[in-house]
Amino acid sequence: MTASLEVVTLEPAADQLRYTFGGGEPLLTVAPGTVVELTTEDCFGGAVRGVDDLPSRVCEFPYLNPVTGPIAVEGAEPGDTLAVHLVEMAPVRDWAVSTTFPHFGALTTTHSTAMLHEALEELVWVYEVDRERGTCLFRPRRGGPEVELPLDPMHGTIGVAPAGGEVFASITPGAHGGNMDTPEARAGTTLYFGVNVAGGQLSLGDGHCRQGEGEVCGTAVEAAMRTVVVVDLVKGGAPAWPRLESDEFLMSTGSVRPLEDAFRVSQHDLVTWAAQLTGWDPLDAYQLVSQAGLAPAGNVVDTNYTMVAKLPKRYLGGAVAVDGVHDRLRETAAAYLGSR
Amino acid sequence: MTASLEVVTLEPAADQLRYTFGGGEPLLTVAPGTVVELTTEDCFGGAVRGVDDLPSRVCEFPYLNPVTGPIAVEGAEPGDTLAVHLVEMAPVRDWAVSTTFPHFGALTTTHSTAMLHEALEELVWVYEVDRERGTCLFRPRRGGPEVELPLDPMHGTIGVAPAGGEVFASITPGAHGGNMDTPEARAGTTLYFGVNVAGGQLSLGDGHCRQGEGEVCGTAVEAAMRTVVVVDLVKGGAPAWPRLESDEFLMSTGSVRPLEDAFRVSQHDLVTWAAQLTGWDPLDAYQLVSQAGLAPAGNVVDTNYTMVAKLPKRYLGGAVAVDGVHDRLRETAAAYLGSR
Amino acid sequence: MTASLEVVTLEPAADQLRYTFGGGEPLLTVAPGTVVELTTEDCFGGAVRGVDDLPSRVCEFPYLNPVTGPIAVEGAEPGDTLAVHLVEMAPVRDWAVSTTFPHFGALTTTHSTAMLHEALEELVWVYEVDRERGTCLFRPRRGGPEVELPLDPMHGTIGVAPAGGEVFASITPGAHGGNMDTPEARAGTTLYFGVNVAGGQLSLGDGHCRQGEGEVCGTAVEAAMRTVVVVDLVKGGAPAWPRLESDEFLMSTGSVRPLEDAFRVSQHDLVTWAAQLTGWDPLDAYQLVSQAGLAPAGNVVDTNYTMVAKLPKRYLGGAVAVDGVHDRLRETAAAYLGSR
Amino acid sequence: MTASLEVVTLEPAADQLRYTFGGGEPLLTVAPGTVVELTTEDCFGGAVRGVDDLPSRVCEFPYLNPVTGPIAVEGAEPGDTLAVHLVEMAPVRDWAVSTTFPHFGALTTTHSTAMLHEALEELVWVYEVDRERGTCLFRPRRGGPEVELPLDPMHGTIGVAPAGGEVFASITPGAHGGNMDTPEARAGTTLYFGVNVAGGQLSLGDGHCRQGEGEVCGTAVEAAMRTVVVVDLVKGGAPAWPRLESDEFLMSTGSVRPLEDAFRVSQHDLVTWAAQLTGWDPLDAYQLVSQAGLAPAGNVVDTNYTMVAKLPKRYLGGAVAVDGVHDRLRETAAAYLGSR
């Protein structure tokens, strides 16, 4: 580790967890470039531990989907860009859970897609997590083959304080980030958020051992996480919607309804971003993204739906995004990991 | 080539091209298991050959998106499953085109998403196609880097005659297939269609040198194609919506609006299919798909939007879909390719 | 009746009923201005006659929602406007029916809004129709107050042959009209359709003793009807979407998904229409419609959803639509009614 | 006025206006049954006074759509029902304004329905308000007939503090009410809100001299208002979504996206409400509402869209809603008006 690497720890107690983006005092304040080792609780607050722990019984609204934070970043002002590099995340326990939550999910009546059906049956699945082998084990509740799935840890919920004094439940994704539930938020990725309030106020949680695209049933393989991030600041350049960068891809997100509008927002942002980076006319960028982009669903279950628009960086003629902060944070992460 | 391999050729003249699914006499009738070598014209009927050939001038409604077919399959009856294996497809010419078509695309006002804006500017992009190197070259119209993209040929439009005597324009995707515009329809993949009328009446066209997910601007790298398919028949088992199978994935599709309903249809079909193959309860299948599935956009521009739901076959406990026809067609394809 | 009033009768036998728009030979050809006395069967083909006649048992796909027609209009060519004035409609029988059809309706899982729920229970309601008193009687199946509702007869389905050789099931609404299911299609109203094929090919059916806006459960108070229309032709001026005119309102329709796009289409058409009639700039018409328009749902259950945009004619500065054909047809209707 | 009629006045200064629902201290606390005479500023904060006052120049985010309140109601606890009767509302000034706000409206690209178009031209319309004659005068900006429209004053924005500690911008409608923008919120109507926090915390604003259904261009005939309400409390019975009652109708609302989900929410609530009031089985209520209900759009422009579901009270077999509070508040209103 280089002498300059600042590492701090954030392990909130249960009563320090938050349930909103916006509105609270920061739990921690860090300088740009700081490595934060932190823990997050699962989306059920750890209350679902077995197949008999039905969420509708053991969880209490609005104490769902707790997040760790907010982390204020020194010097962050509205209009700046908060860069959050995900260094690593690992499930804390040797089990994880998923459920069908009544009136939640893509293939069920919900409070918004209101119908006269009774709720689907509420079931809990407990996954065995084997961190050594890097797997989690799916056990069907009613027979049929068990399936060993690879761990692919991610945070479903990560974002900053919204603009305009709004306070959103942590289950809501939007322009501030939040509960986007995209599997792209995995280790090795940098997320960019527009800063709306002083300090930016980063929070994250809702760790998933893995998640399919769309999060169809409404919950992933939910787990408390031990996570390391590097938090950095780029002055100005605030993106309108959260963006992500991996070694291979630039990614834009859109979190609204209906799903085609989430698609439009994410694609519009990616087109605009690519045009700005390369000097292409927007219509030229529109053309290139149309032929070379990917468009996976994030979630189609939350209060807003999330689509992700991805473009391989190799198709940008050598352009570098956000002043190259992703590469620098990769180096910081490597230095941190090498120093342990 | 084994003695039993039947190979026929279908190269329709311009006046033999069709513009609908349903309603016409078959252009060819084949026995199940037949290899068909065929050609398809591009979605502009070959009329857009340079940047000055604006589609709104050189194309005439409804003579858009021509398809080759219908190909009747002997013995196919309503309720059966038509299996179409894509053996190979290659662009016919050394160029391909894409355009912004007025009032068509995801980031523009359209006839359905009607707004008071003028149409976006109509532009044509001509790609150089290098079949040797397997690339197509994107040249921005207004400066900035050129980009060499890998060829990844596919058919945007493939399907059968609809049910109930309906006749749909070839630009419409739906339960009959049609203009799904998913990049998954590439060589090595088998598509399954429910048969609605005697013979099934397969048609295909709208070849793309490559296409991004969502086909954001409304057109891909459009090219006339030389394509080889194997057409086979499985009695009974008609899927409600087109399904695809590759060596790695089972895939379901949904083509409706809004996009979340296309997502729901595709995921519902995949969940139901996985449950049927494995013996899982539908809620168990719902759970597994939620954690292990992929959900890329097909198109978000056509008269219906298409979502694809994908599940790795290795998570199905060894279950085999559609009586193993995919593997058999892979063998047929190998035999055919080996015999040339 | 004036000497010039031509009156013809069209009472198709059961095997003459049609189930699509587009694709068949006309059942009748009339000169513009002809009064047509016709009968229509109910959407169940008359097969649901009591609470035990569940549609899923007594009806057979695709023999649903029969229409009377097509009626070809002499001289009608693509680009012309077919004007259909509804003179009167009366239920034929002294009963009418409604049902919850499995997987059909706004508050249930459907084939498009696909979910893992079982279908809602299939129930039939039989209404007593009292033509003298002008009422139909709602009898709840499971107790609670009976309700006498006023008759307000309308046709759920009315339209012309689609463009481009397409053939649509009669349950589908669209730019050709079809199953719009708006209560605005009542006596005293003139409907305008753009002609797509020679003769226009008008068909209608799906009579409702009355219907709420949105047709929430999927079926109205369904009845066979005895209906009188005047069919007229205006050369040119084909509207892109069906329009309606009553003594008080101009109305535009949009029939697509999602519902906001149906809203957009209908409002865009009304704004454009108002601008054309008055000489307002489109932005001025947008402003006026925003303050003075009405926007009821037609249906939110069919394969496309329908919204209606209404503007009081008195806010148009004296402008007259479609060359005043509505007023002329009102006179024709009065002459016809006076002559009986 | 009876001796017991309590009347208080609330005329907030500019710096006392609020821009959110939730999160602030009450500006006034009243006992149930109090008549409140209050003023509201227009949605532009009074800054748009002429055609050159473009909102994008004279307004500053997030200081848009100010509301008067919150008004805390003594004894209101979560789960209770806040009843707000609109006694009268009158525009304060002899002019009112409307605009096309860039990226806002139903027929334009917005931040959610993101497209590559430039924003529509930003225009301001100034209406002359004649309170004596009860009219407001539309003057087209670019020629064509002027139109005198009847005043039909309403509040676009009215609601309570949201649940779960959330704070929403006043431009957002939802389960808490807010910016529903339905013309049904006119004098003579009682609104019912579920109480989420102690006191309920009622706020209102966004007065409109009149508004078309859907508020297509995004703004109505916007005016500062002098308004009188009676605020009352019913213990328990909190509706999930705002409900309205007039002398003739029960009304449910839904404010989500897409628009069909807003329709579903409103219809589901109306069906459920009707079933509860009459003793009908939910499927019987579904049937009756399908035949007798109305379904106008509220707004199709805000961050959530609003649909209204209406049922004539005369079809409820004499059932009385919310313990008859509407009739009692009508009497209170009459007493108040008679006493002036």
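Letters A, B, C and D mark the chains in the order given here, with residues in each chain numbered from 1 onward.
Please note the rule applied: a residue touches a chain if its C-beta (ideal position, glycine included) is under 8 Å from a C-beta of that chain, and two chains touch if they have at least 3 such contacts.
Source: prediction; values computed, not measured.
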item	value
B-C, C-D or A-C - pair sharing over half of the B-D contact pairs	A-C
Pair with more cross-chain C-beta pairs in contact, given A-C and A-D	A-D
Chain centre separation (chain A, chain B; CA means) in Å	33
Centroid spacing, where centroids are CA-atom means, of chain A and chain C in whole angstrom	48
Where chain A and chain D are represented by their mean Cα positions, the distance between them in whole Å	35
Multi-chain contact residues (two or more partners), chain A	107, 113-116, 120, 257-258, 260, 264, 267-268, 271, 283, 286
Residues of chain B that touch chain C when the two form their complex	19-20, 22-23, 61-62, 111-116, 163-169, 240, 254, 256-258, 261, 264-265, 267-269, 271, 282-283, 286
Footprint of chain D on chain B - complex, ascending	107-109, 113-118, 120, 258, 260
Sites on chain B touched by chain A in the complex	98, 100, 105-107, 120-121, 123, 125, 138, 140-147, 149, 210-221, 257-260, 263-264, 267-268, 271, 278-281, 283-284, 286-297, 300, 305, 307, 309, 315-319
